[in-house]
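Shared chain: chain A. Partners: chain B in the first complex, chain C in the second.
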Partner chain A sequence: MLIKLTNGTIFDPVHRLDGEQRNIFMENGRIIRAPASTRKIDREYDISGHVVMAGGIDIHTHIGGGKVNIARILLPEDHQRDPVAPSPHRRGGSGHVVPSTFVTGHRYAEMGFTACFEPAMLPANARQAHMEMADIPIVDAGAYVLMGNDDFLLQLLSQGADQSLITDYVAWTIRATQALGVKVVNPGGISAFKFNQRRLDLDEQHAVYSITPRSILQSLCTAVHELGLPHPLHVHGCNLGIPGNDVTTLDTIAAVDGLRMHLTHVQFHAYGKEGDRKFSSGAARIAERINGSPNISLDVGQIMFGQTITASGDTMLQHREAKHAHPKKTVIMDIECDAGCGIVPFLYRDKNYVNALQWCIGLELYLLINDPWRIFLTTDHPNGAPFTSYPHLIRLLMDREFRLEMLAALHPAARAHSILSSLTREYSLYEIAIMTRAAPARSLGLHDRGHLGVGAAADVVVYRPRKNREEMFSRPRFVFKDGKLVVQDGRITDSPAGVVHRVTPEFDGSIERRLQRYFEKFHTVRLGNFRLGDDELLGYGRTALSTHPCRPG
Partner chain B sequence: MTQTYATVKDVTCPFCGLLCDDLTVQTNGPSAKVVQNGCAWAVAGFAQQPGTASASIQGRPCTVDLAIQRAVQILIGANQPLIAGLATDAAGCRAAMALAEKAGAAVDHLHGNAISSNAVVMQRRGWIMTTLTEVRNRADLVVLFGTDGDSVNPRFIERCLRPRPGMGRNRNRPRKVVFIGEAAEARALKRALPAALTITCRKQNQLDLLAALRALANGQPGSLPRSLAGKLPSLKRLAELLRSANYSVCAWAPGQLLPDQADIVIESICGLVTALNEHTRAAGLALGGSDGAVTAMNVCAWQTGYPLRVNFAGGAPEYIPSRNATDALLQRREADALVWISTFHPLPPPGGLHNIPRIVLAPPSRKLAGLADVYFPVSTPGVDAGGTMFRLDSVVGLPLRQVRSTSLPSAAEILNRISGKI
Partner chain C sequence: MTPLSLTLRRNPFARIDMSPLTPDRLAGLGRDAIARIMLACGRQRIRVSELFDIAGRDASLLRIRRATVQLFRVGFQMQSGSVEIAGNAGDNLGERIQGGEIRVRGDAGEWVGASMLGGNITVQGNVGDRAGAALPGQLIGMKGGLILVVGNAGDRVGERMRGGTIVTLGDTGSYLACRMRAGTIIAMGRTGPHIGIGMRRGTLVMGRKPAAMPTGFRSAGALKMEFLRLLFKQLGTVQTRLALFRSFGPEAIRMAGDLSVGGKGEILVLLNGSQGQTK
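The block that comes next holds the complex of A and B.
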């Protein structure tokens, strides 16, 4: 089917199109050149005056895997307020803070997002993560595999193993779990918590393995670099949520010595300890450092006021947070000598000083970091807020007047401790297209997504221009996924399956002999059964695996 | 698919929640035999004869097409279908959920009571839990509450308790195992493993003992009713062991607790674990999870937001666990059609059905064919067909393999064909 979108106003930063009027043609799921005038157009959409962007890409959203499912089970009271009945083209389920799988895919698509990436897939739980994601319709998916707290790696590091061995192990893990990238969460800290350590600073020693988070971070960062993965090491650093962790974040940036690194949900890692309440914004210092560090990218993890639930691999700090749970219940799990997870429901309140300042810190980061190619739009769904709050967040970034109005309602001391009211920056549509499309695609190595050039996947979103950007981004006029119309005026019109994005780095197979011994001695699963094969993954209902090239350095 | 004699290693056993994946199976066309690492359940499970039953309607053999037509008629005519048993793999569960949504059915599992006892505790207060590889390598103390372990998961002791801990401070130190429960279970455990401490009590006294133990572990004087006062010294000793352990694990099997107090016992154990974590490390472990219980719970949770006992009668899934339980729906005569899925064993649907139509999917069984209004012989996942299931700790998914050749369709295939016509 040959589709023509006529006279749209195009925002495609990859091709430096900043609001130019163009036609777009799609056929067989791809964007194509303007066909010969003799060819019959099967379907034409006149979109004069409408804004056109590539499909949105969420680089960090907890959508699949054990901790997400625990989060779902934990809050029936939240689901009950948001039941979703099935209708033609869509399965039912429930929504709000951690929607069920079908609802997740449909709500992302309804906002014009067409690809979502699970940032914390545990190797031991990879099957479940992929199977859950296969039940998320429409959007493409992929996952970063969690490393840096697994006893195998920590044993290797404590024995002073060669970096080449570590790098092989990282590659093996990526292949075994069908991952697109690698994430580290509280390096060494999840493991240390299993040995009853309650804090682990960047240069503090793990009580059993006698290594530091710094060495784990450096080793994993080097491995990712050597393998030439498109996406840099995705880092959830030490001391999440602890006042004074702005210094840890600065030290973490320095620790990787110029290697590429992605810092995730930096808002939670940008807390100073100044002032009467010993809680202040570290955003300005961090932004300044990141502006001067072209090797660093970040996502923010903006919080929004209201009920949500925090789901993290960081058992050490989630256990500390349990006292703030709302409602009062927390799940903590130690997992398979591999990692862990902690799930704490949370209510962010605008009249609470700390929460109000967290909100300000997130926005300060967005507004102080200059390069939209290195900062991505996230709420760390669902940890800062559910992903459905993105249109509201976009309005906060694009509309200063609105931002000040929201700010005025906050806890007065938080307002006084934030420079937010003095920040005049307003994001342009072009910058939004960078941070929600072009930049995440580039960071993840998705060459055919995130732009509208000839040959790109036909993931295309058409928005009605509205002064109220929240309304505009909540309800696109049309959303196409791989050339299929999936949303029209907020109504799901089709529910195709997306693809899985992954990388397949090469490694020296001798690592398997070592792993074989380790598995036989310690594990309760056989090595061969640990690996998730291509056929198995496709059997979950995926249309295809999209493999992205690695460029070993 | 294997037509001739072959030996297959690292086969996953689907017959209990442990999903041991180190079995060696000899296959020979339509038969399979476990030759290594099989417990009694595995040996019997893989040896079940595949049989050659055909689909049937009211006991009379018919084509699968005809049986599907009849099943569709029944489900379309029903106001409140119930999909239960649900003993199958992930693909079977996904297909069952899709059918439930289309047919407006309620969904529960064979072990719905056990799953629900755990789930309500998690939903009420949360918990701190662990997984099998952690238990095996990290735990220096394991307390079995009301279970000897092996009677619910026959190789639990062999695989997780008997080896010495492999990692960290507890490496190669002997592991202490403590048992609290019925004398008969204590004797069963004794045959498998020497316990460091055994505290016998009747099931109905478990809550009293737990209350005293929690107080003692918190450094308070524990008290017990006079009839149990003799247990106090042992409980004091256990409290000491828990406080001084590096990593203790408290295990229970929800299906072995008294049904009317299971959730309260579990809640009490979880409360103890939470308190211990103020100073040292401790975690819980729920045993059981057999017949695909954990698989069904997870699939239902990711597709609806709720851990089973959902009902699609009103369109959107509604979660009222007490109302949507198999027994409740049948006893109140609310369910007016039953889809019974039991792919690991030919278990009959629950008795006492007041003549509601029964659609049964199970391995070939003449007896079941005779009991069912519509009967579909289906493959057993992990024996006749590949698939995926989740282990009792609800973290690890394992691949199932086909180790013998049959022409039986899978439950998923049949369920999807029925869904396609509603």
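The block that comes next holds the complex of A and C.
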């Protein structure tokens, strides 16, 4: 079917189109060149005056893997409060802060997002994570595999193993779990927690393995670099949430020695310890360093006020935060000795000094970091807020008056401690298109997504221009996924399945002999069953595997 | 005005969520408006008029006739008025009820008065598990009001209960009063194992001696407790059915616990309770 979108105002940063009027043609799920005038157009949408962007891409959102299900089980009231009735084009479901899979996909699509990436897939949970993501309709998915706390790696490192061995192990894990990237969470810290360490600084020794988080970080970063993965190492660093961790974050940036690195939910890693309350904003210092370090990209992990739930592999952190749980229930557990899982429900309050300042710090980061190609829009769903708050966040970034209005309602001391009121920057639609589409696609190596050039996947979103950007971004006029109309005026019209994005780095197969022995001795699953095959992955209901090239060396 | 009565025409093919039909939500609605209300029936939605014959006008007294266990969530969050059910009621009868009265002639299902805040629920027959308990995800169960079960009750009566009173005249299942925080449970019949596990505060009055000393409890001996006299006197004024309690004396064996959680709850075994066989 040949579809024409007539006279849209295009925002496509990859092709430097900043609000230019163009026609877009789509056929067989791809964007195509303008066809010969003799060809019949099957469907034409007149969208003059409307804003057109590629489908949104969420680079960091917890949508699959064991922890999401545990979070759902922990908050049944969240599901009782927000039921979604089925309709001919969508299945029913429930949940606000951790919606069920169907609701997740539909709500993302309703906002114009067409790809979401699960940042913390434990190798042991990979099968379940992929099955769960395959249940999420419409959007594409992919996952970063979690490493840096598994005993095999820690043993290798503490024995001073050769970097090539570690690189092979990283590549093997990516292949076995069908991942798109590698993430490290509190390097070594989750493991150290099990040996009764309650903090692990960047240069602190692990109680059992003679290694430090710095060495784990460097080694994984080198491995990702050597394998040539499109997405740099995705880092959730040490000391999350601890006042004074801005210094840790600066040290972490210095530790990788110019290698590419993605720092995730930096808002939680940008706390100073100045002032009477020993809690202040470190955003300015970090933003300055990141502006001067082109090898670093980041996502913010903005918090929003209201009830949410935090789900993290970082048991060390979640064990510390459990005392703040609201409602008062928590899960802290180990998962197959790979890493951990900590679930703590949380209520962010605007009248609370710490929460109010967290909100300011996130926005300060957005506004102080100059290059929208290196900063991505996230709330670290559901940790900072559910992803449904993105339109609100976009409005905060694009509308200074609205931002000041919101700021005025916050805890007065937090207002006084933040430079937010003096920041005049307002994001343009072009910059929003970069940070939510073009930049994440480039960072993840998704060559055919995040732009509207000829040959790109026809993930296209048409927004009605509105002065209130929150309204504009929460209800697109049309959303096309791979050329199919999936949303019209906020209503789901179709629920096709998306594709899985992954990488397949090459490695020396002899690592398997070593792993075989390790699996026989310690694992609950045999190595052959641990690996996730292509056929199996497709069998979960995805339409295709999209493999992205690695460029080693 | 005659009471509003809804007579079920035939047993529905799936469970019906009755939460829209409470006296306070129906107040002021004409018969036509009531007939048009849609009820969730399994995956479908059905009009009230397709399920029930409607008679009468006064919604403050709602009579549901020929009721079956397919009708669940009767009296959900209701605040005032009264509901009389002729027949059996399904699960979640009087869930989160805040005020008013529900009377059931037959049996009721699980979660009777779950997380309720006030009001009265009387069931003439038996009830299922978790009467007055916490709903899934809730950290506390019933907070106020009265549940009277004339027949037998299932397991976990008053689990995580925080206030109010539950009276069961028949037998109860296992885990009676487990994880109780406050409030009063009076269980006159035979009881099952695991009484009062994790009980923090609150009072469990038992008409019969339990088969074994509850784990985690210590006996404080037989005492004369004025509290019991006051409790029974008060109960007698609330419900005529409970007037029989006036004959029970204040002597009881007091057991304190659950000591394994540092609990300050108490189990009072009435010394003359078993003679007053109530059923």
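Heads up, the rule we're going with is that the second predicted complex is superposed on the first by the 553 of 553 C-alpha atoms of A that agree within 3 Å, B and C clash if a C-alpha of one lies under 4 Å from a C-alpha of the other, contacts with A are read in each partner's own complex, and residues count from 1 in each chain.
By our rule, contacts are C-beta pairs under 8 Å (C-beta built on N, C-alpha and C of every residue); 3 or more make two chains touch, one makes a residue touch a chain.
The structure displayed is predicted, hence computed values, not measured ones.
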- [ ] Please tell me, clash or fit, for chain B and chain C sharing chain A in the overlay.
- [x] clash
TODO: Check the residue A:172 against both partner chains and state whether it touches chain B (first), chain C (second), both, or neither.
DONE: neither
Open item on the list: Going by the contact rule set out at the top, does A:305 touch chain B (first), chain C (second), both, or neither?
Closed with: neither
TODO: Give one of first, second, both or neither to describe whether A:80 is in contact with chain B, with chain C, with both, or with none.
DONE: both
TODO: In the overlay, answer first, second, both or neither for which of chain B and chain C A:122 touches.
DONE: first
Task: Per-residue touch tally on chain A - higher for chain B or for chain C - done: B
Task: First (chain B), second (chain C), both or neither touched by A:328 - done: both
Open item on the list: Using the superposition on chain A as set up above, list the residues of chain A that contact both chain B and chain C.
Closed with: 74-76, 80, 86, 328-329
TODO: Show which residues of chain C lie in contact with chain A when the two form their complex.
DONE: 43, 135-139
Task: Residues of chain A that touch chain C when the two form their complex - done: 74-78, 80, 86, 327-329
Open item on the list: Using the touch definition from the top, list the residues of chain B that touch chain A in their complex.
Closed with: 10, 12, 21-22, 90, 94, 98, 101-102, 119, 122-134, 136-138, 159-160, 166-169, 246-247, 277, 280-281, 283, 298, 301-307, 312, 314-319, 388, 390, 394-399
TODO: Over in the complex, which chain A residues touch chain B? Could you list them?
DONE: 64, 66, 68-70, 72-76, 79-80, 83-86, 91-94, 98-102, 122, 124-128, 131-132, 135, 151, 193-196, 208, 319, 322, 325, 328-338, 343, 521-526, 528-529, 533, 536
